[in-house]
Amino acid sequence: MKQLDAERQMRRRKRKNTIFHALFLSSTLFGVIALGMLLIQILSDGLGWLNWEFLTNNASRKAEKSGIKAAIAGTLWMMSITAPLSFIIGVSTAIYLEEYAKKNWFNRFIQTNIANLAGVPSIVYGLLGLTIFVRVFGFGKSVLAGSLTMTLLILPIIIVASQEAIKAIPVTQRNASFALGANRWQTIIRVVLPSALPGIMTGSILSFSRAVGETAPLIVVGAVAYITTLPSGVFDKFTVMPIQIYTWANLPQEEFHHVAAAGIIVLLFMLLSMNAIAIFLRNKYQKKN
Amino acid sequence: MKQFKLGKEHNSFMQKKKGNNSLDRLMPIILAIIAGISVLTTIGIVVILITESAGFFQAVSIIEFLTGTEWTPLFADPKFGILPLIMGTFMITLVASIVALPIGFGSAIYLSEYAPKKVRNFLKPILEILAGIPTIVYGFFALTFITPIIKLVIPQTDLFNALSAGIVVGIMIIPMISSLSEDAMNAVPNSLRYAAYAMGSTKLEVALKVVVPAAFSGIVASFVLGLSRAIGETMIVTLAAGALPNIDFDFLKSIQTMTAYIVTTSQGDTAYGSVEYRTIYAVGITLFVITLLMNILAGYISRKFREEYE
Amino acid sequence: MSIVQIKDLDLYYGEFHALKNVSMNINEKSITAFIGPSGCGKSTLLRTLNRMNDMIDSVKISGAVSINGTNIYNPTVNVELLRKEIGMVFQQPNPFPKSIYENVAYGPKIHGIRNKKELDEIVENSLRGAALWDEVKDDLKKSAYGLSGGQQQRLCIARALAINPRILLMDEPTSALDPISTLKIEELIQELKEDYTIIIVTHNMQQAARVSDQTAFFLNGEVIEFSDTSMLFSNPSEKKTEDYITGRFG
Amino acid sequence: MSIVQIKDLDLYYGEFHALKNVSMNINEKSITAFIGPSGCGKSTLLRTLNRMNDMIDSVKISGAVSINGTNIYNPTVNVELLRKEIGMVFQQPNPFPKSIYENVAYGPKIHGIRNKKELDEIVENSLRGAALWDEVKDDLKKSAYGLSGGQQQRLCIARALAINPRILLMDEPTSALDPISTLKIEELIQELKEDYTIIIVTHNMQQAARVSDQTAFFLNGEVIEFSDTSMLFSNPSEKKTEDYITGRFG
Amino acid sequence: TESKETPTTEGAKEQEGSSMELSGEINIDGSSTVFPISQAVAEEFMALYNDVNVTVNLSGSSNGFKALIAGEIEIADASRQIKDKEVDALKAEGKEAVEMPVAFDGITVVINPENDWATEMTVDELKQIWEGGSTVTKWSDVRAEWPNEPIKLYGPGPASGTFEYFTGAINGTKNESRKDYTPSEDDNVLVTGVSRDKYAMGYFGFSYYVENQNKLAAVSIKVDESAVAVAPSVETIKDGTYKPLSRPIYIYPVKSSLSQPEIQEFLKYYMSEEGQALAEEVGYVALPAEMYEENLSMLP
C-alpha cells in the first residue's frame, strides 16, 4: 500500500515537473517569439530599402538617397571609447569591492551607490553629461562627451555583473593560490579573473548593446541629427545610429519610416556581430566544474 | 630542487618586498580611486539635480509638489502635483514586472537546469539580442502590434495606454533578468545538484529548492536591475503610453511617466530658466530618490534572505 | 538472494572505456566493498546503480543493471523513486547552503512529509545515525557551511539516511572523517545491514576487511576479483589482487 | 634544532575559542603529525603556520609563532615570501580550472620563473614527486578538472612541491587517495624529510605511526600530548591519548 | 525648380569656382518643426560648397536658443518667436539674434476620412471643443445634428510649439487648453490615432497632413459663422486666407556671425528661390517674397 502511495505521489511530482518544464520552456520561447515578431516586422519594413548606397550615403531629405554612413561611423567612434573604458573601470571597481574593500561603512556606501546608479534613468545621465562633459569640461557636443556619458551610464551594470562573477569563484581556489605565496593581486589576475571572465563578458555584452541602442541621453548630450562629415577625432561632432533612426521615424513621410527600419536592421546587425564576438570569447574561456 | 640552502639566521621572508609586491600594494589604491568614479557620478548627478531644481522649489512648495494630484505645469493654469507621474511610472513598472519577472526567471531556470547544453548555448545569445534592440523599436512595436491586440480584446482601450507600454517594457527587460539570473544559477556547483538528485529529487525540486536558494542574491540583483530599467525606461513609454498625467490607476488609459515627461519637456518648447523648464529637474530628482529608496529596499531584502544560509 | 544484478556492463565517457564488461550480483542486506586504485572506475560503477551517470552527457552505457529483478535502465523506470530507494553519500561533502536541519529534512520533505513533528524526529534520528547529533543539536538552525569538513560529511550521511533507502551507496564516505567518527560510521553500517543493502567504495583496505561481507577488486575498469571479503583478503585467487592487497602493486 | 616554535597560542573564531594556549617546538627536517578527532583544531593550527588564517576576518590570534627564530606575526614579515617557504596541501583537492601543466607551473611563475625549459623541468619533477607523472605526462595540456579525485589531490601536492618550500604543511593529504598512491606519498614524505620540515594532519593513526617522527594529539583545541611518535603510540603519558589511540574514546 | 533635382556631385562641380572660396562650419540646432527645411537647405548648400560643413540638430526651440546663448551654434531653428528672457540672456553674453521667418506651417485640424459631418467648423466651435474646462464629450455637444458619439481628441503635448500656437490662436490664451485629450509628442503617433478612429479629431503640422492625405481629412475652418470655410493648402496658407492657424517658423542667426562669408552665403541660399522650393518640398509653405527680401536686407 505504501508503495502505491509513493507511486501516486511520485506521479504527482513528475507531473508537476513536466508542467513546470513546459512553463519554463514557454517562458523562454516567449522571449524568442517576441524577438521573432519584432524582427519580422522590421525586416518586412526595411529590407527593401537596404542596399549598398544606404550604407555609404549620408542622411538626406530624400528617402531614397538617405544613408546611414555618418551614424555608423559615429557609433563606432563612440563605442571604441566607451567599451574599453567602461570595461576597465567596471572590472576594476568590481575587483576593488570584492577583493580589497573592507566591510566598512564607506565601502557599503559605494556598493549601495552603485546599485542605485544602475537604477538611475538614462535621461538623467544625459543631463549629467551635458552639464559636466559638454559644458564644464568644455568638450562640446563631441564624440568624447557622448562616449564618457555612455561610459558612466553602463558602468554600474558592468560592475554588478562582474561582482557576481567574481563572487562565484570558490574560496578554495583563492586559498590554493595564497598558499603558494601568491599575493592578492597575482591571485586576482591569474586565478580569479580567468574564471570570472565568462560572467564578466555576459554583463559587458548586455551593457555594450545597451550603449549602442541608447537614444535619450545622447539626444540631451547633443549628438547631432544631420551631419555629413565623419568624425576624425574625439572632439568632433557626431551622430549615432539610434538618433538617426529616431529622426527618420519622426518625419512625416511614410518612406522615411522604411528608411528607419533599414537603419534598425543595420543596428541589429552591428549588435549581433558584437554579441557573436563576445559569445565566442565567453565560450572559449568557459569551463564548467 | 635542492638549490635551496638558507642559513637559519637569514629568513628570506624578512626581505624587502619587491616587484610584484609593490604592484600588490599599489593596485588597491589605484582600484579604489577608479571605484571612486561611481561616487563622483552620483555626486555629479545629485549636485546638478539639486542646483537646477532649487529654483523650482522656490516657486512651488514641496508639499504641493508631493501631494498635489494634478500635473499640468505647461498649461495656462499650471498645477505641480507629481503624484500622477509617479502613478504612471508605478503602473508601467507593475505591468513590466508581472510580465518580466516570472518569464525572465522561468527562462533562466529553463536555460540553466532543463535545457540541453547545446540548446542553452543557442538560446541564451538569442535572448540577449532582445536586450540590444533600441527602445524606440520597442516603442513602435507596442503601438503597432501590442496595442491593436489589446484593443481587439478590450475595445474601449485608448490608443495610448499603460498596459501596452508596460507589457513591452517587460519584454525588453526579460533578457536582462534571464541572462543574469542564469549566470547566478550556473555558478552553483554541480555537487549540490548531484546530492539532490541522488535523493530522488525531480528537476523542478533541484531547481527550486537547491539551485534557486543558492543563487538567490544573484537573482535578486537581476530583478533589481530589471525593475530599475523599467522605472527608467523612456522611449517606449513616450511613444506608446501617451502623455497624459493621470492618477486613475486605469491601465487602459493614457498615462505619463516621470521619464517621459523629462524627455518630452527637455526636447520641447519651454523657455530656459522658467519654472516650467525647471520641472524637468524637480521630476528628475524625484525619480532619483525613488530609485534610491527602491534599491535600499532590495538590498535589505536580499541581505535578510541571505542571513539564513551564511 | 541477490538484489542487484549487473550484467555485461560497459560504460564509456565519450571515447574512454571506463567500465569493461562488468558482471556482478550483490546480495540483499549485505555489505559490499569496492576497492582498487584511483581511477579504476569504482565511483563510476557506483553511479550506474542509481543512474547518477544520467547527468553526464558523454556517458554511454550498454549491458543491464537489475534491481529486484527490474532493469533500471528500462525507459519506464521512475528514476526519482529509484533514487529514493537508493541513498548515496559522495566522496566530497556537499551539504546544501541551508541550515543543518533543512539539509537533513530536504529528502523527507520532497518525498511528501510535511508534518513538523515527524520531520523533527527524522532529523534527530538521522543525525544520531550519522554520529553528529550531539555536536549540532543546539545549532540545528545554523548553516551547514559552518561545520568542519568531517562534520559536513557526516551531515551528508545523515541526509542520505533521512530518506530511508533500501540500498545505500557510499563513495569513500569516511575518507574525510576522523577514526572515531569512522568507527561509529562503520558500526552504523553494520547495524544498517540488518535492513539495508550497502555498497561502499573505499581506499582503506582495513575498512573493507572490517565491515564488508563481499569485496570487489577493480583495475582499469575491470572487476578482477569479486568474492567473500574474508576469502579475498586471505586467499585471493588472482595474482593482481594479491599484489594490490599486499601493497606490492603500483 | 627547532625550526617552528609555537608559544602560548590562542585563536578565536569570533567568540569561539578554537586553539587554547598551544605551545610546541617542531624540529627541522623532521615529520610531525597532528592527530585528534574532527573539529579539534588541527587544520586551524596548521593554517596559523603560514598565516592562511589571515584570510578569515573573524580570526583573533594571540601568542607567538616563530619560524627560524622570527615571529611570523611580526608586521614586517612578508607573508608571500613566508608562504613560498611553507608549502601547503589542503584537505580537499582544489586544482585551478587550468591545464595540469599550468597548475603546477603556477607557483614558480608567480615567483618569477619565466624560462620555459626551467618550468618544464620543475613541472616534471614535481609531478614525479607526487607520483602523478606517468599518468598525465601525455595530457599536460588537459584541464585538471578531468582528473579523478585522487589524481586531483596528487596534482595539488605536485603544485605545492613546485615552489620548493622549506616546510610543507599537509592537511590530510592522502584522505582522498588510494592506498598505493598513499604509500607513494608516504615514501615521498620520508624522502623529502632529508631537506624539508613536514607537518601533516591525518586521521589515519597508522599513517601517523608509519611516517612521523613526532606526533601531537589534539582535543578541543588543546594539545593533550606532544612527543616522539613511537613513545606516544606505545606509551602515551595521558589517559585521553591512550583512550583515543586505542579507539576507546568518543 | 531645377537645382533641387540636380545630383549633388555634379552640382558641386558646376559651381567649383565659388566653392573654392568658401569653407568653414555652420552649426544649427533647435525646433524639430524647422529641422526638415534646414536639413534640406544644408544638404543642397553643401553640394554647392563642399568645403563648408553644415550640421543640423533638433532639440526643440528652447534648447536651440539655449545653444545659441551658450555659443555652441550660429543659427537657431525656432517654431516660435524668441522670448524676452532669451533675448536678455543673449545680451548678457554680448550677443544678439536676428529673426528671420523662413516658411509657414499651417496647423491642420484633422478628422477621420469616414467622418462626413465635421468637414468644416468655425473657430468658435473649435474653441468650444478645445478650451480649458470644455464640457464637450460627444460630437452632438457641438452641433445637435452631429452623431451622439464620444469625441476622441488627439493633439501635441503641451511642451510643443504647435500646442502653444494653436491654443493661442483658437482658445485665445497661450497654453490654455482642456487637458483630457490624448497628447503625444510624436506627430506620426497622432496620425495613427486619428486614422484609426472614426470619431477622432486632432491637430498637428501641415506636413504631417500632406503626407497622410489618404488616411486623414482636413477640416475647413471658418473664422466666424458668416465667413467661408477655408481648407488648408499651399495656396490658402500662402495667401493668408487659411486663418487663424497659419504660423510662421523662423531661424535666428546670431548677429556677429552674419559677417562670416559662409554663413552669409548660406542664409542667402536659404532665402533664395531654391531655398523656398526646398521648404515646400518638405511640406511647408513659402512666405511672400517680400519677407525673404526683408530677411536678406538684414545681412551686412
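Observations
Going by the order they are written in, the chains are A, B, C, D and E; count residues from 1 in each one.
Just so we're on the same page, a contact is a pair of C-beta atoms (placed from the backbone, for glycine too) under 8 Å apart; a residue touches a chain by one contact, two chains touch by 3 or more.
Just so it is clear, the model here is predicted, and its values are computed rather than measured.
Minimum number of contact steps separating subunit A from subunit D: 1.
Counting only chains that touch, the fewest steps needed to get from subunit B to subunit E is 1.
Taking A-E and A-C together, the pair of chains sharing more C-beta contacts is A-E. Seen from the C-alpha centroid of subunit C, the farthest chain centroid is that of E. Taking the mean of the C-alpha atoms as each chain's centre, subunit A and subunit B sit 13 Å apart.
Computed centre separation for the pair subunit C/subunit E is 82 angstrom, with centres defined by C-alpha atoms. Distance from the subunit C centre to the subunit D centre is 29 Å, each centre being the mean of its Cα atoms. Counting partner chains per residue, subunit B shows two or more touched chains at residues 20-21, 24, 144, 189-190, 202, 205, 266-267.
Under the contact definition stated at the top, the residues of subunit C that touch 2 or more other chains are 80-81, 84, 92, 110-111. Shared interface positions of subunit E, defined as residues touching 2 or more other chains, are 32, 59, 186.
Residue ranges of subunit D in contact with subunit C, taken from their complex: 36-39, 43, 91-92, 135, 148-151, 172, 175-184, 203-206, 244, 247, 249-250. Those residues of subunit D whose C-beta lies close enough to touch subunit A in the complex are 50, 52, 55, 57, 79-85, 87-88, 90, 92, 94-98, 106-107, 109-111, 143, 145, 156, 159-160, 163.
Taken in their complex, subunit E has these residues touching subunit B: 31-32, 59-63, 65-66, 69, 79-80, 83, 85-86, 89, 132, 154, 157-161, 163-164, 167, 173-177, 179-186, 189, 192-193, 196-197.
Within the complex formed with subunit E, the residues of subunit A that make contact are 59-61, 135, 140-141, 219-220, 222, 224-229, 237, 247, 249-254, 257. Interface residues of subunit B facing subunit C in the complex, by the touch rule stated above, are 116-117, 189-202, 205, 209-210, 213-214, 308-310.
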